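In order of appearance the chains are A, B, C and D, and numbering begins at 1 in each one.
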Amino acid sequence: MAFAHNIPFISIMMTILAGVISLLTGKDKAARICLGTLTAVALLSALLFAYLWQTGTSFTFSMGHFPAPWGNELQAGLFEALMALTFTVVMILSLVAGRERVVADIAPARQGLYYLLCSLLTCSLLALVYTNDIFTAYVFVEINTLAACGIVAAKDTGETVTATIRYLIMSLLGSGLILIAISLLYAITGHLLMNDLLGSMTELAASGDYAMPCMVIMLFLAIGLAIKSALFPFHTWLPAAHGSATAASSAILSGVVLKGYIILLLKIFYRVFGLSFAHDLRVADLLFVFGLLGMIMGSIFAVREKNLKRMLAYSSVAQVGYIFMGIGLSTAIGMVAACFHILAHAITKPLLFLAADGLMDVSGHSKNIFNMQGAGRRNILAGIAFTVGALSMIGIPMFSGFVSKFYFVQGSFQNPDKMLATLIVLALSTVLNAMYYLPVLVTLYLGNDENSPYRHRKSANSRNYKKAMVAFILLNFILGMFYEPVIKALEQGLLML
Amino acid sequence: MMEFHLFTNYVEIAAVILFSIGFSTLLFHQNLMKKIIGFNIMDTAIFLFLAAKGYIAGRMAPILVEGANDPSLYINPVPSALVLTGIVVSVSVTAFALALVLRLYERYGTLHLDEILYLTRGEHD
Amino acid sequence: MIIFEGLLLIFLIVCAVAVALTRQLWQAIIIFMSYSLVMSVVWVFLQAPDLAVTEAAVGAGITSILFFLALKRINAMQTGKKGGKGK
Amino acid sequence: MELNPVEIRLLRRFRKMYMVTAFLVSLAMTAVLLLTVFNLPAFGKAGNPAENEVIGRYIEKGLEETGAVNIVAAVILDYRAFDTLGETLVLFTALVAVLMLLKDEAGVFNRRYRERSKFEPEKDQIFRSVAGMLIPCLLVFSIYIIVNGHLSAGGGFAGGAILGATLVLYNIAYGLEKARGFINEKNFLRFITAALLFYSVVKGYSFFTGGNHLPSVIPLGFPGSIFSGGLILPLNITVGIVVACVVYGAFCLFNRGGL
């Protein structure tokens, strides 16, 4: 058996061990352990991706001495490897770029625990990506929730603690729905392994038994995961949590954590219900409508927001709407577009949050856009980064956001029923995106800062921050211009799923 | 072949009623401590549901007696294993949520979520 | 037997409603504690002794200890605040 | 912060609306779930979908393959051990998060409230002598439950919770200073890290050998005796230590913001 088959298992175990050991070390060592482990995991994931790309197969790895329906199992294909790679890279870059802000925002005694939670968060995300068992997924969803709430609450202000409790309550509602759906699923099929569930579900779909429970299960799973990934009517917790946390946490939460749940939902679509049955259950249509609403409402909220970080958070609501719209299209290209948008948003939104942090640095740490007149001229790199991120989110060609929009349009052509609504809302949403990002850019570059007390403030960002930002910008360009191999990998990966 | 079980599933009926009560308490009650108790009720209700689904009338608990290993003697052990995991998860979440509530009470002197939100409104610029 | 089980289940539902409606927090916690204990009895009926033991120790024991500790600390803070300043 | 009468009226109306929505949502949810339950397989009947080949193998071969008489213990610590590793990590994550939130570095909480809430016990002789009798019994009981996890109901989680509660009782009865004699902050962190490291390394070994189809060298022992069940006994002990540590740590942090 090839070494590459051990990579999912090794990645998960390494992050677990890194998390556990960090409890005994000081804060600097914990940071180094966390970043070192993440780098190793990123390299291994790249290796796994290369291996799978060459062989064109997927494989399973049994966790223990018992084969799959009895023991637990991991499954890895191109899709999983690509997602694991993206997640770890985004985590590393966010943590590196947000390091100074962590030092400033979080009490020294808490910093070690902060990095510990980041290690555990990565562990849970990797397990969510690779697991082939739906109950294991639930357990790691809970770790993910606790660790994500922990890294929000690490910055000890009233605002963050309040945001955390709201986040926690909504997440628990989601977990409750997911758990009862899993219980119902177990009651009607007797399986927890995704492959076996798919077999039972296909039989049930053919015979028409348990139609009502199937519908309720799909609905609860979809809504539970939608709450956790902040789809529009359930997004109420997101702006507070993402808008108030420290920059690295905001970047990780919006870039990576939201996506983990969406990937679990995709796996449930493909591997538990099967696409055609999921389509028959009409839950995709519900997600499609919520997605469209989210694209518009998220942007409208963002237009009205004067607090830069909250504006970016509302923009995340809109972007999650895009992803769910792509899933709801229930066409092959729509799914690929949704997956590509997961990647595009995962590298763009952290860039925006971290750039906003750099801009706030030279404007007296005010989050208000009006206090950032001319900040783009004072902190040039952060300004450029923010511009790149904003243009990508609006959907200008050459940036990653454009590619996903292009494929969303193509995907809508395959489904004539939903084509018109998709095209109208895409156009409207692009206009709205421009309506809130362009004024910020104008303020940043053309704003008059002669009366500002911070007009002589120069950026004091470390070299690590600059390197990470440059890496993010380059990633954005690479994904925006050389997107064809990625699309191909996603297409193949979704077929293997 | 569909069957309609009105009152044979009485334990499950109790479980879903408890789930709804817990869910509503978690979602709508304004007192944070009550919300957390509601969460616990919701989770135990799901565990009750799972335990009921594992039960088979007239059979023993899955602890082998004298090495007799005929599957028709024992109830289903999988739901028990899942619930065991679930109980520990819900205790962990409870501890974390209570710590957050204490933190909030220290700062705002109230357990009422609306009041806390009202008090935080002035804080961010 | 079924009647006894039914009574226990009805007791659980009454407890759950009572938690949402009581005004005193400590009452809610005690009601929740009895809820957990009755739940573990129900699990004994459902032939799940592992769950019953764990629920009695973890659900009724540890969770209630945590709730009472939190309540104790809240009360300590309450008296501390009232003594400090009349906000 | 003052509200004017119009706002108060609006707030009241909002509250009324809120209650009505809450009630309707709960009712709708109950109705949907009840309908679902009516359509589910019957309660307590043999031959339900949940009773399939997976359970058959657990019961038929469980003893032979894992050495545990208690099939639930075999499932959580051997067949589906990855779930349980995740579950232990949930506990650990929660402990870390609580440590982060409530650890009182500067001692602010203690200084502000020390007069009003006493952390040192009153010199209550009756309580102490009762505790003195109870603690050894509880200790033996918890250890019995932990080490018999593979033979009878219970196991690391239940036994660990009782062990933790015993430590808490000791702390309440004899005071913090005495409890610190054997478990202080440094010790505590080392204990829990060592237990979790042992757990993950041992399980990692069995996952690795299992995933690569290598034989495991751990003997299963004679079925039914204490030293049987292969890794289940040491794992139960480890889980017990982790749970006890988490319970005791949570108690100390909630009680006075430090260990």
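Structure notes:
Here, a contact is a pair of C-beta atoms (placed from the backbone, for glycine too) under 8 Å apart; a residue touches a chain by one contact, two chains touch by 3 or more.
For clarity, every value in this text was computed on a predicted model and none was experimentally measured.
The pair with more inter-chain C-beta contacts, choosing from A-B and B-D, is B-D.
Averaged C-alpha coordinates give centres for chain A and chain B that are 28 Å from one another. Averaged C-alpha coordinates give centres for chain A and chain C that are 37 Å from one another.
The distance from the centre of chain C to the centre of chain D, each centre being the mean of the chain's C-alpha atoms, comes to 17 Å. The residues of chain B that reach two or more other chains are 2, 10-11, 17, 19, 21-24, 27, 52-55, 59, 61, 63, 78-80, 82, 84-85, 87-89, 91-93, 95-96, 98, 100-103, 106, listed in rising order. Residue positions 135, 139, 142, 146, 149-150, 153, 180, 186-187, 210 of chain A each touch two or more of the other chains.
Each of the following residues of chain D touches two or more other chains: 33, 36, 39-41, 48, 50-51, 54-55, 58, 70, 72, 80, 83, 86-87, 90, 93-94, 97, 101, 153, 155, 157, 250, 254.
Each chain pair that touches appears in this list: A-B, A-D, B-C, B-D, C-D.
By the touch criterion given at the top, residues 49-50, 52-54, 56-58, 61-62, 65-66, 69-70, 72-73, 75-77, 79-80, 83 of chain C touch chain D in their complex. Residue ranges on chain A touching chain B, taken from their complex, read 135, 139, 142, 145-146, 149-150, 153, 156-159, 161-162, 164-166, 168-169, 172-173, 176, 179-180, 183, 186-187, 192, 209-210, 243-244, 307, 366-368. Note for the complex: chain D touches chain C at residues 70, 72-73, 112-113, 116-117, 145, 153-155, 157-159, 161-162, 164-165, 168, 247, 250-251, 254-255. Those residues of chain D that touch chain A in the complex are listed here as 32-33, 35-36, 39-41, 48-55, 57-58, 65, 78-83, 85-87, 89-90, 92-94, 96-97, 99-101, 103, 105, 189-190, 192-193, 196-197, 200-201, 204, 206-213, 216.
On chain B, the positions that touch chain C within their shared complex are 10-11, 14, 17-18, 21-22, 24-25, 29, 31, 33-34, 36-38, 40-41, 44-45, 47-48, 51-52, 54-55, 59-61, 63, 75, 79-80, 83-84, 87-88, 90-91, 94-95, 98, 101-102, 105-106, 109, 111.
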